[in-house]
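Remarks on the structure that follows.
Just so it is clear, A, B, C, D, E, F, G, H, I and J label the chains in written order, and each chain counts residues from 1 on its own.
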Amino acid sequence: MDRSDVTIRIREAMRTKGYRFADIADHLGLDKTWTTAALLGQHPFTADRARHVARLLELPDEAVAVLQEIPARGSLESVPPTDPTMYRIYEAMQVYGTTIKALINEDFGDGIMSAINFSLSVDREDTDQGSRVRITLDGAFLPFRAPEEW
Amino acid sequence: MDRSDVTIRIREAMRTKGYRFADIADHLGLDKTWTTAALLGQHPFTADRARHVARLLELPDEAVAVLQEIPARGSLESVPPTDPTMYRIYEAMQVYGTTIKALINEDFGDGIMSAINFSLSVDREDTDQGSRVRITLDGAFLPFRAPEEW
Amino acid sequence: MDRSDVTIRIREAMRTKGYRFADIADHLGLDKTWTTAALLGQHPFTADRARHVARLLELPDEAVAVLQEIPARGSLESVPPTDPTMYRIYEAMQVYGTTIKALINEDFGDGIMSAINFSLSVDREDTDQGSRVRITLDGAFLPFRAPEEW
Amino acid sequence: MDRSDVTIRIREAMRTKGYRFADIADHLGLDKTWTTAALLGQHPFTADRARHVARLLELPDEAVAVLQEIPARGSLESVPPTDPTMYRIYEAMQVYGTTIKALINEDFGDGIMSAINFSLSVDREDTDQGSRVRITLDGAFLPFRAPEEW
Amino acid sequence: MDRSDVTIRIREAMRTKGYRFADIADHLGLDKTWTTAALLGQHPFTADRARHVARLLELPDEAVAVLQEIPARGSLESVPPTDPTMYRIYEAMQVYGTTIKALINEDFGDGIMSAINFSLSVDREDTDQGSRVRITLDGAFLPFRAPEEW
Amino acid sequence: MDRSDVTIRIREAMRTKGYRFADIADHLGLDKTWTTAALLGQHPFTADRARHVARLLELPDEAVAVLQEIPARGSLESVPPTDPTMYRIYEAMQVYGTTIKALINEDFGDGIMSAINFSLSVDREDTDQGSRVRITLDGAFLPFRAPEEW
Amino acid sequence: MDRSDVTIRIREAMRTKGYRFADIADHLGLDKTWTTAALLGQHPFTADRARHVARLLELPDEAVAVLQEIPARGSLESVPPTDPTMYRIYEAMQVYGTTIKALINEDFGDGIMSAINFSLSVDREDTDQGSRVRITLDGAFLPFRAPEEW
Amino acid sequence: MDRSDVTIRIREAMRTKGYRFADIADHLGLDKTWTTAALLGQHPFTADRARHVARLLELPDEAVAVLQEIPARGSLESVPPTDPTMYRIYEAMQVYGTTIKALINEDFGDGIMSAINFSLSVDREDTDQGSRVRITLDGAFLPFRAPEEW
Amino acid sequence: MDRSDVTIRIREAMRTKGYRFADIADHLGLDKTWTTAALLGQHPFTADRARHVARLLELPDEAVAVLQEIPARGSLESVPPTDPTMYRIYEAMQVYGTTIKALINEDFGDGIMSAINFSLSVDREDTDQGSRVRITLDGAFLPFRAPEEW
Amino acid sequence: MDRSDVTIRIREAMRTKGYRFADIADHLGLDKTWTTAALLGQHPFTADRARHVARLLELPDEAVAVLQEIPARGSLESVPPTDPTMYRIYEAMQVYGTTIKALINEDFGDGIMSAINFSLSVDREDTDQGSRVRITLDGAFLPFRAPEEW
């Protein structure tokens, strides 16, 4: 039983029991996005939370240990993703990639937005002209090490 | 003279004149991110604005027409991008791609975040623990057409 | 049991029972193309229709839930597709891709044909010089968001 | 001077003279889509029409011969195309490719829609809910040769 | 049981029973090359012939239906093929591809050799200097549709 | 001046002078297909023939030496080729590749059709049902070396 | 049971019985390199030798027929190979590929070293400065067919 | 002027002056294969030899310095190479790659044939049955470092 | 049971028994990094150590032989790796690859750092500004063979 | 003039003036590896240092501004690199990639070695058994953000 087997079991259990990702996050008292990513195999759970998840979804015992392991991350089967919902994120990166670099460099200097000291949220806003999806990427700015420090 | 030639000229002029993207956006009275993307060849300018940009950066006359053309979009030379600043966006998509789809589907139903009826911003937040980069993707939710409408 | 397992079962049941895609669409009272796409794993069914399909094709109970899930879309095993029937669509895109963009931009301005607010049909026309296949792509025009709205 | 040089000249001349593709098609008395594709380097012109195009757009003499050559077809710089307008065609093929094959096979038998004995149109429809793009692919059905004919 | 399973069964049965492709073609009274391609999963059989093949090779009942389905064509596991016998065909296409196009265009005008209204044969010729393989591709010429017909 | 420069010059001269590949082959007294391939940069000319070609097409002196060099062969810009005329050869290889191997192995034993001791022709046949293209690949059979000879 | 299954069985049997490839070649009275390649699925055995191999390694009966089949050749899982021992061969080809072509052309004229009428050996030489690996590729020279023979 | 420019000049000078690679190697008193590889941009020359080469081929002064630089190695424009002469080396690696690894491991233990402490030769052997090409790769055996040495 | 099966068993046993890679290295009295690589399928164990590992982790008997086999090396499922921890190594190579070559060439002359006569370590340093990871690659310098030795 | 033009000028000037990378680093009073990477286009210089470099190497004025720009990083023309010196770094990553992840995770917990807060050195060690290259990667450990912080 590896991490992807556990992910399949999780989705089956959610289907059977009628749980949404938000429900499980509530049960764990954790951020909804982080929890979704972790359930989809992108973050490890602590021992307590792994047991909690397993109990909630009636996963087999072996899954408790697997959920605690640090996974080999990467969730896309192909790049660019063929699924339209995921492709639009890719398209934004294609169209605005150099813009994002230019503005980070202009506002912060030479460095990057960390994708590790990082969080992400997906929010819904309902407006007169329909609903909007708002995805926020929030990462620490990391400057390149100055040559004096080498 | 094609669009990428104009982009090179723009960057040279900005270097010579000491303009930042934010300065040009101010001059035009337009959003900074949109303006940066347009200057980097991802959006067309209206005739007035194209003339304004050309005057500001002393671009040759031919550039005025080129800036009004709808470009063939896509700003990355390779995917995944080798530049660390741009790669981190790619990495976020790799790690959180299925999460984003799961949450959009859970909160909105079957559909996508539009990358066309869409805007993006790059913001800076200074905290006790250092500066943070905040990238916001804001797109209309588009539901898949129901079979009754086919 | 995942979505591709269900697709295999559907095709086996259609073979055994002698159903065509058009027959199932008739049974459901839905568009033939949408129904075919949904049966091939590209669209979710509502709960009622999922039960209807399962009953019609004698699929196992578990399939009813799977058919309601929003699938990870994308139907081609390789691109370009090696199968001649599917390749011709790819060839049309290769030869006429820039033409389509040029005409959409010329007639509508800067924007796209939505592939979400979208439907597609495959029709047959019998002429003196043989039969013709007519494929129609019908999508909402989405203009790029103007900079004033950013 | 090769075919892509001529295409660049054509676009520059159209920009300078303010011609649209539809205008040139009118001048030639030919289908707008075919003419656009031919001007973008995907079809050869007859000698008369090549001269007509060259006169209209004040192309150099050498272009007249080049426009008559049968081109090496294929208009996309990369697949999938990074430009959103062209990508949506690709996406439709990705999501509906197996559907199109299934319906052609079901309605016509074993064979293909020709992309040679073929025409394509891009049309605009204005509705209460906004404009729609309608792309029609119209190709002869070609059955696979029966084994008796081998 | 899908088409590739049936192909594996066919090859096992041929091995056990000592049948060659030519023998099966004789039994069916069909062209040897077409029959080989069909047995290898590239063409569908009619119902009668499918039953004939299944009886001859003692295939399970389910195979009879599978053999009648129109397959998703494409027989190569990788391109270029690593197997030397198949690679030489690829090499001929690499070296003579532009030559073939030039001569078809010169002799027939703008169009293609159909690969659908098409047959292929592999023949042996024994000469003083050893045996020679002769592969013949025979396809209808299809002219591109003239703009007047669009 | 390298081989591809010479090819471009040859095509320009043919256009200007109105020569067809068949005409040049006639002038040289050589096979039409071989000559076309050689003019397109896939075979070297002997010194005499190189001078003959250069005189006929008024190529610069330097071209005479270049035409005698053994070229780095391979004529396709991309695989699969995007041009429909060349793609059909690729498609035939995709659909019939395993068939060709099976029949060569069945009729000749373990070995290949040489693509070196090899010739190719493109012929036209006019029938009641239209013209047909016939492409013949004719190569020596080369058996794999037996282990006794290792 | 296909050829790769048989290869796995062969390696397991060699491990259990303590056979080296050289031992099996001795038993068969055949070249060591040829035998290794054949055992690894790159050459067919005659009926007698297939039985001999099966007896020696206690392979199941079915393997005897499989070993006689002409395999689809190609032994590398990826190119370039990730394994350092195999990569060095690739590296030699990368660095010396054009050199080898230049010298074959200079010494033999226009043609190739056959990889079919071909043998290969891997030898060990022990010198004062350590052991050396000597790999010899020995293939018939095949001249390109002269145009007079087309 | 970079290394590939120098290579082009070298080939032009060889053509003009009628030098073969073997002639230049003789002039330098160096191995023919090494010299060919160096002239084709895969090895640096010492200062003396660089001057010698430049004098012999009347290269411009700047080339003398360029020839002494350690090049970025790798001579193939694409992999697999499309040229038949170079492809056969690739094919040998594809078919015999695992065999070579198996025999090196069996005869020498865990390690590789060095491609650095390495030489290569291309030889001609004339036999009753025609000429044969013999390519010899000769590299030091390098054992993997034992864990005790880590 | 092949090498990757054994790796899966090892990781399961480590999870169950609570062993770290460092613990197993201690048990074996071997370098921690080498041992980790070997347990992950990149190095063979001697017979004694294979038995030791199997006993420690209660692996089945068959694993003892498998652990002694020289593996086909290469540990990454895709390149670039999608996992952030592994990607950073790739990024360092992308950004500093030419730098490393320039400095090796400048300090040592023409040659390479061996990746065979090689060891690697991953160390932790705790500083006032947080922990640092130090990865050291230590390989013998191998000079390219001089032409005099060819 | 873009960054890669400046890099070419730098290498030409170094060749002409006989500077090594170490010499320039000395002149600037900066780390040798950082300076080499910056000169090869991977890091920006401050204004003072850019002027210093330009003076030292007699670069044109325009280069001073270019050297201060934050470059689009990534130094490899292809991956895997074909040059043997650079390939060995790639090979180490291929063979030890999962090992490095396993040890970082085991010693530090869930996180990465930063490639931004990072330095690298290439050192020489001369031993009895020849010279050794030591490459050290030194990066801050960055833990993944805990879910409580999301």
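By definition in this document, contacts are C-beta pairs under 8 Å (C-beta built on N, C-alpha and C of every residue); 3 or more make two chains touch, one makes a residue touch a chain.
The structure presented is a predicted model; accordingly, all values stated were derived computationally and were not measured.
Looking at C-D and F-G, the interface holding more C-beta pairs in contact is that of C-D. Against reference pair F-H, the listed pairs F-G, H-J or C-D yield one interface repeat, H-J (criterion: more than half of contact pairs the same by residue number). The distance from the centre of subunit F to the centre of subunit I, with each centre set as the mean of the Cα atoms, comes to 49 Å.
Rounded to a whole number, the gap between the C-alpha centres of subunit C and subunit F is 41 angstrom.
Distance between subunit C and subunit H, defined via averaged C-alpha coordinates, is recorded as 54 Å. Residue positions of subunit B touching 2 or more other chains, listed in rising order: 33, 72-74, 76, 80-84, 86, 91, 94-95, 101, 105, 111-112, 114-116, 118. Every residue of subunit I that touches subunit A in the complex is listed here, in rising order: 8, 15-16, 77-78, 81-84, 86. Against subunit I, in their complex, subunit A makes its touches with residues 2, 65-66, 69, 72-74, 76, 115-116. On subunit B, the positions that touch subunit A within their shared complex are 20-22, 32-33, 36-37, 40, 42, 73-76, 79-81, 83-86, 88-108, 111-115, 118, 120, 122, 124, 129-141.
Put simply, subunit I touches subunit B in their complex at residues 80, 82, 84, 87, 91, 94-95. By the touch criterion stated above, subunit J contacts subunit A in their complex at residues 30-31, 33-35, 38, 43-44, 70, 72, 101, 105, 110-112, 114, 116-119, 121, 142-145, 147-150.
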